[in-house]
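A short write-up of the structure that comes next.
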Amino acid sequence: MRLLALALHRLVWFVPTLLGLLVVTFVISRVVPADPVALVAGETATPAQVEALRHDLGFDRPLPVQFVGYLARLARGDMGVSLFTRRPILDDLAHRLPATIELTVVAMLVSVLIGIPLGVVSALWRNSPFDHALRILTVSGLAIAGFWLGIMLQLLFSMRLGWTPLNGRLPGYPPTHLTGLYLIDAAVTWDWATFGVALRHLALPAATLAFPALATLVRFTRAGVLDVMQSNFVLYERAMGLPRPLIVWKYILRSALTSTVTQIGLLFGILLAGAVVTEAVFDWPGIGTYAVSSIVLSDYNAVMGFTVWAGVIFIVVNLLVDLAHTLVDPRERAS
Amino acid sequence: MTHGRSRLTLVLLAAGLVLGLAALLSAPAAAQTRFVFANESPYDTLDPHAAFDVGRVAVRLNLYDGLYRWLDNPPKLEPWLAESHTVSPDGLTYTFKLRKGAKFHDGAEITAEDVRYSAERILAMKKGAASLLSTMITPGATKALDRHTVQFTLTKPAAIFMAVIPEIHVVNSALVKKNEKDGDWAAAWLTNNEAGSGSYMLTRYDPAIGFTAKRFPGHFMPWGAKSIDEIDFRFVKEDNTRVLGMIKGDYQGTGGYLPNDQVKRLREAPNVKIVEAESMRIMMFQINNQRAPLTDVHVRRAISYAFDYDGFNKEILGGTVERNPVPIPNNMWGVPRDVKGYTYSLDKAKQELGQAQAKVDRPITVGYLQGFSQTEQAATVMANGLRKLGLETKMTSEVWPAMVERMKKPETSPDLVVYWISTYYADPNNWIGEMFSSSQWGTFKASSFYKNPKVDDLLETALKSTDRAVREKAYQEAARIVVSDAAGVWIYNTKYFGPWAKNIEGIRFSPIGNGQEIRWLHYK
Amino acid sequence: MRAVWFVVARLARDRSALIGLVLIALLVAAALLAPVLSTHPDDVFELHPSERLRAPSGTHWLGTDRMGADVYSRLLFGARITILIGLIAVGASLLIGVPIGLVAGYYHGWLSDLLMRASDVFLAVPQVVLAIAIAQTLGPSLPNVILALSVTYWPWFARVVYAETRALQKEPFVESTAALGASPWRLTVLHVLPNIASPIIVRSSIGMGFTILTAAALGFLGLGPPPPTPEWGRTIAESREFLPGAWWYAAAPGVAIFLTVMGFNLLGDGLRDVLDPRLRRSPARDG
């Protein structure tokens, strides 16, 4: 019941929140001093041609009218056309989304698969040298500038050692397009050469992106495990003489995982923010670089399109996480 | 146990057979030679009439042909699709005879109608070379006299017409007309496809990645025994990636205007050779002559004395460029050899400032290009010099399209903007003519907004006359005046340092094509 | 005042918090004493092209950059910019976010919802993207970076204050004071604020670190103060084309950023442990 109430409450506010986001972005993007219409018309266009193009694109109407028009088209699923690539924004986003998804998922996997076990071990061996070393690492994880870490990794592994490529997703043309996720596309079409190349290209950016997420995960897992270890029911079980490994697996890990699940939302936020900068460093053709270049080129439609997408994703994920938290945390459920 | 083992053996055998077959079937028929080029600009369009710049020249050079073509260094105009041409005595009519039997990629013969259509298309689309061509020919002034003769009628005699002829890339008019939509001259279609006759035929294109093309055996120019079968031009943004790629052998060629430090790295690579050539590409600061206090010649001269030319050319760029004090490249005709230009002298600068009527009481905006760190460094050096004179500066950066936009009007253009002007065609008009004629205001080359009737006269004379001696005198005189007026700050002329794979031969460098015409190349 | 002393004493016993404090002190010292501590103070503006890209040596402790300027000296002056951005941006976020959080927490109903959804709007897009949009629109400069960061960080303060205010409302002493007829103002200033001071202080320290990282990212992308400002992020961007040769050029500013942010993070953690043991247990709501 409480779940339903929460969900409904959030859904009611979903539209206004999204609207607010759009208004803010719309205002910001229109305040831009450069004139993107003139940029699009080309170097040799006459003022008359620029004005004609402006009229074609509908940019000569008053701002509120433009905004309403945009909303109307959005409701029909039309995000408009990029001023620069002249392709539908939805196409551009769809084209670039898989790159970011692949990077983010791999980074997430890396941080979860490495972070949680490290956190558990660190808590179990509390205050050991291993624990201390790990704590230093985790504190560093949130203090290192992501773009700097990426550059240092490039310096060491690409330039000095030559183990990985410098940047990009692939040096040439992608494998047969199925999902846009090169690892999957290559594996499914048995193109293992491309799979290997794509993996090597993913190595550094995923590591860079995963590092702060990894640090956060280790910290919280460790804290969660410590919490549980000191809780009453665990002490009871130990007093009863249950073997330690069993306790660890049955209770501690489960509780640690629960608290971790609720951190996914936070993790997602970290990864998304990090993706923008990581993509810039590694020239990764994803949503992050798309957002930045759209902003720099004053591509109104692209900026709005990106914001809509990001806003929807964020709000939905937040809602899901809050729901999950309510579901999963027995303390919340009781109150 | 035996059951399992024998079953296992069977499976392994079958697998081995399958793999073996697969390997056999997938073996390449014959070794195809490939050439991969890493380009610093994206190939965002394949339309030969939409772009005029050096960054994307590979498309036009390899997929298309023109009536004549610029080849070698110093650049010479050679007959290409045309066998010859004649000019009427009054200089208004140019008649070209096309070679017979030249074909487009789809097998259709190239006729005068295709040339006429291509010329009209450029004028109609108003992009690329249209701004230049439209000053010389109008729509309808091109005629196909017969199947292999095409005639252009100019509005007035123009010495640079022949120089710009190579930019009329001939498109397959039948194919293009078939893909027209709503009278757009097939602009949408030709962006992603090709309708050419060039040495190579398009096989693959992705605007984010680049294009690949394979050899066109039916090209009218003969092929060598070892000519390259497949070319692959890719957009690789980062200098470091291109350099590493050359060193590793991933790329066999890349742009020749890399920073000096990178060129040094490439020289040391065992499989890379650096081809040096004198190019024609000036770097300069445009001064906004229309905005006070830069309207005062003494202020402009002071600025010209405030830039550390040697520090920039010799130290920061490692001596890889030549000081070029005049708005015409040193190795082009038309340069007044007696003009020494400005030097770095704060004393002289202060003297000039003292003589100035206008007072510099606000920060001077210095514009540079985002993504081109050399312009950022030049701007920093300039700002430093001005600071030493007691003048404040404000740095402003834009991406190139945005800067072009700002430079269209004197009100929006920065006080100083630094960038390069490359060789679009090999004639002094490409530089001094388009930079300082007041008729060119609004183009990106003329962001000096200079207006001097005497210079306008001289440039006009040079454009109209076809007598080289007359033209040379006019350009020299114009250059003297412009330098004395300190209408801009001219820093250097580039040298080309082209990285190529060591085993590549036959490179024909020209400042207009930058060696990217692959049909001449072959592996040793 | 006794409370403050108590906090300091407790803090002093936490080793990592002390390290944090030391690092911050180093940063502040570097910033304040830059003209004195630097070996080439003029190199903030001066160029020496003939000395460019020299390796660390006796004269140039951290080598020289692409213009021949001393990396170490520019680093010290860059500390000034870093602190300035951090203090003002976090301060402004605080001044915006705390009142909003208070109002949202105190009132129930549509106003509260509205304010919290407004903060959601600013949190929906990654802070760095929003900051980029603002900086690009207004033009790259120091004031604009600070503005961009302030506008995007206030939701964190608002959220914390909102949560704490709501929690406090359930406390008996608040209910009784309200029942006695205290005005909302009195209630807020005299009773609520002192109790939420701890989370605000903790959030400020962590916010400093976070803001400094984002500011460096903006500088790296070219949206920060223009050249020749020795901003750390911009310096890293400049250094890229000279790698792998001039590694010190990229390494030094990165290490500076690392130590600075680490300092604030450690201090923040320590403060959190001291001020509110409750917070130490709940791993949620971090940023």
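As written, the chains take the letters A, B and C, and residue 1 is the first residue of each chain.
As a working rule, a residue touches a chain if its C-beta (ideal position, glycine included) is under 8 Å from a C-beta of that chain, and two chains touch if they have at least 3 such contacts.
Given the structure is predicted, the values throughout are model-derived calculations rather than measurements.
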item	value
Top-ranked pair of chains - ranking by C-beta pairs in contact	A-C
Centroid comparison with chain A (C-alpha atoms), farthest chain	B
Chain whose averaged C-alpha position falls nearest the assembly-wide average	A
Between chain A and chain C, centroid-to-centroid distance (C-alpha), Å	22
Distance from the mean Cα position of chain C to that of chain B, given in whole angstrom	46
For chain A paired with chain B, centre-to-centre distance based on mean C-alpha positions, whole Å	39
Overlap residues in chain B, where contacts from two or more other chains coincide	240, 370
Of all residues in chain A, the ones touching two or more other chains	159, 296
Chain C, residues touching no fewer than two other chains	139, 240, 243
Contact footprint of chain C on chain A as seen in their complex	13, 16-17, 20-21, 24-25, 28-29, 31-33, 139-140, 142-148, 151-152, 154-155, 159-160, 216, 219-220, 223-224, 227, 259, 262-263, 266, 269, 272-273, 276-277, 280, 291-292, 295-296, 303, 306-307, 310-311, 314-315, 318
Chain C residues touching chain A - in the complex, by the definition given at the top	16, 113, 117-118, 120-129, 132-134, 136-137, 139, 209, 213, 216-217, 220-221, 233, 236, 240, 243-244, 247, 250-251, 253-254, 257-259, 261-262, 265-266, 269, 281, 283-284, 286-287
Interface residues, chain A side, partner chain B - complex	34-35, 38-39, 42-46, 49, 85-86, 158-159, 162, 166-168, 171-173, 283, 285, 296-298
Residue ranges of chain C in contact with chain B within the complex	45-47, 49-50, 52-53, 66-68, 139-140, 222, 226-228, 238, 240-243, 245
In the complex, chain B residues that touch chain A	44, 126-128, 130-131, 188, 191, 204, 206-209, 212, 232, 234, 236-238, 240-241, 244-245, 248, 250, 370, 398-399, 401-402, 404-406, 408, 443-444
